[in-house]
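Two complexes, one shared chain (subunit A), two partners (subunit B, subunit C).
Our next item is the complex of A and B:
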């Protein structure tokens, strides 16, 4: 039943520069993970919820980018599903 | 009085020529002004005889010397001594901060921040391609999660053949 979701994550990880992808629900449950630890689902969902509170009246959810020396993490939530992509510098 | 600068010594009955407050007259009141009562004028005439201009100026000078605070750099501090003093003060502060637990609990546990924020702020922002990539990926993931269905294969509750 989760085949389509896993297929989507596999396609995402095939993009050059993307080392991992993670999908979590709004409670922090890991729905699918590729190339990263499933334990990160809780943190990803929490960060997305906290960032959304910066603009509570906005119609779109914000895109969060956490940059570090080892790469960056892009996080966005859509309809109670939070997606995270782990990018490494090429 | 309701004013915060008033004190008990600022009364009407005090002599106007006393040098204890800022409202004291320095020069004698002209005798032609008949605004006040007659007793007030005679007292002012007596004080006018006592105080002349040089002594009034001297009083002003003494008052200024008494109240002025000299902030000019009297003693110069050498660079090495300055550094030593700064180091000593830093050690004292660290001793107080590490010793007193009461001060430690009042400090909020905030991060120290970065040393050079201008480097981070001047760096390039997130590229539009990345934003579009994550936005598209989040939409597809949301659609994929919406298509998750439970496949019913066998009954969960099975009746046993109990006679």
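Our next item is the complex of A and C:
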């Protein structure tokens, strides 16, 4: 059932600069992960919810970008799915 | 003397507001849209703690230097330095918005 999702994640991870991708549901369950530990699903879902709570009346959910020298993570949730993209500098 | 705590975060050019917090999330200084925003400060502190648990780079010792939380028209830019959490609210004006 999740083959199509995994196929999309695999294609995404082939893009230069993307080291990993993860898909989580609202409860922090890992739906799919590539290039990163599935255990991160809990933290990813949690941070997406915490960020949305900053402005609960907003019509859109925010994008969270966590940056460091060695790479960054982009997190966004839409409907009931939260995506995290792990990027490394080229 | 009080403004020395702020480290210039209040003077960022397009700033709509700022917060300076202790590591525990207590408000040291605030201004603009974030003036006295204690509830927001509390939620931002929790967000910072969760973000510190996400490995941002292959080097396990590395922690983040910046977090951006971006909505359609504005964003919060957060950094931690010297046991203080600095938050700046700024407009978000993408030059070329990505279209799906």
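Everything below uses one rule, namely that the second predicted complex is superposed on the first by the 90 of 90 C-alpha atoms of A that agree within 3 Å, B and C clash if a C-alpha of one lies under 4 Å from a C-alpha of the other, contacts with A are read in each partner's own complex, and residues count from 1 in each chain.
By definition in this document, a contact is a pair of C-beta atoms (placed from the backbone, for glycine too) under 8 Å apart; a residue touches a chain by one contact, two chains touch by 3 or more.
Keep in mind the model is a prediction, meaning the values are calculated, not measured.
When the two structures are aligned on the shared chain, A:65 is found in touch with subunit B and with subunit C.
In the superposed pair of complexes, A:40 makes contact with subunit C only, with no contact to subunit B.
After overlaying the two complexes on the shared chain, residue contacts for A:78 are found with subunit B alone; subunit C is out of touch. In the superposition on chain A, A:88 contacts subunit C only, with no contact to subunit B. Once the two complexes are overlaid on the shared chain, A:31 sits against subunit B while remaining clear of subunit C. Once the two complexes are laid over each other on the shared chain, residue contacts for A:51 go to subunit C alone; subunit B is not touched. Residues 63, 65 of subunit A contact both subunit B in one complex and subunit C in the other.
Residue ranges on subunit A touching subunit B, taken from their complex, read 1-2, 4-5, 7-9, 12, 15, 21, 23, 25, 31, 63, 65, 74-83, 85, 87. By the touch criterion given at the top, residues 126, 130-131, 133-135, 137-142, 144-151 of subunit B touch subunit A in their complex. Contacts from subunit C toward subunit A in the complex involve residues 40, 43-44, 46-47, 50-51, 53-59, 62-72, 75-76. Across the complex, subunit A meets subunit C through its residues 19, 40, 43-44, 46-47, 50-51, 53-55, 58, 60, 62-73, 84, 86, 88.
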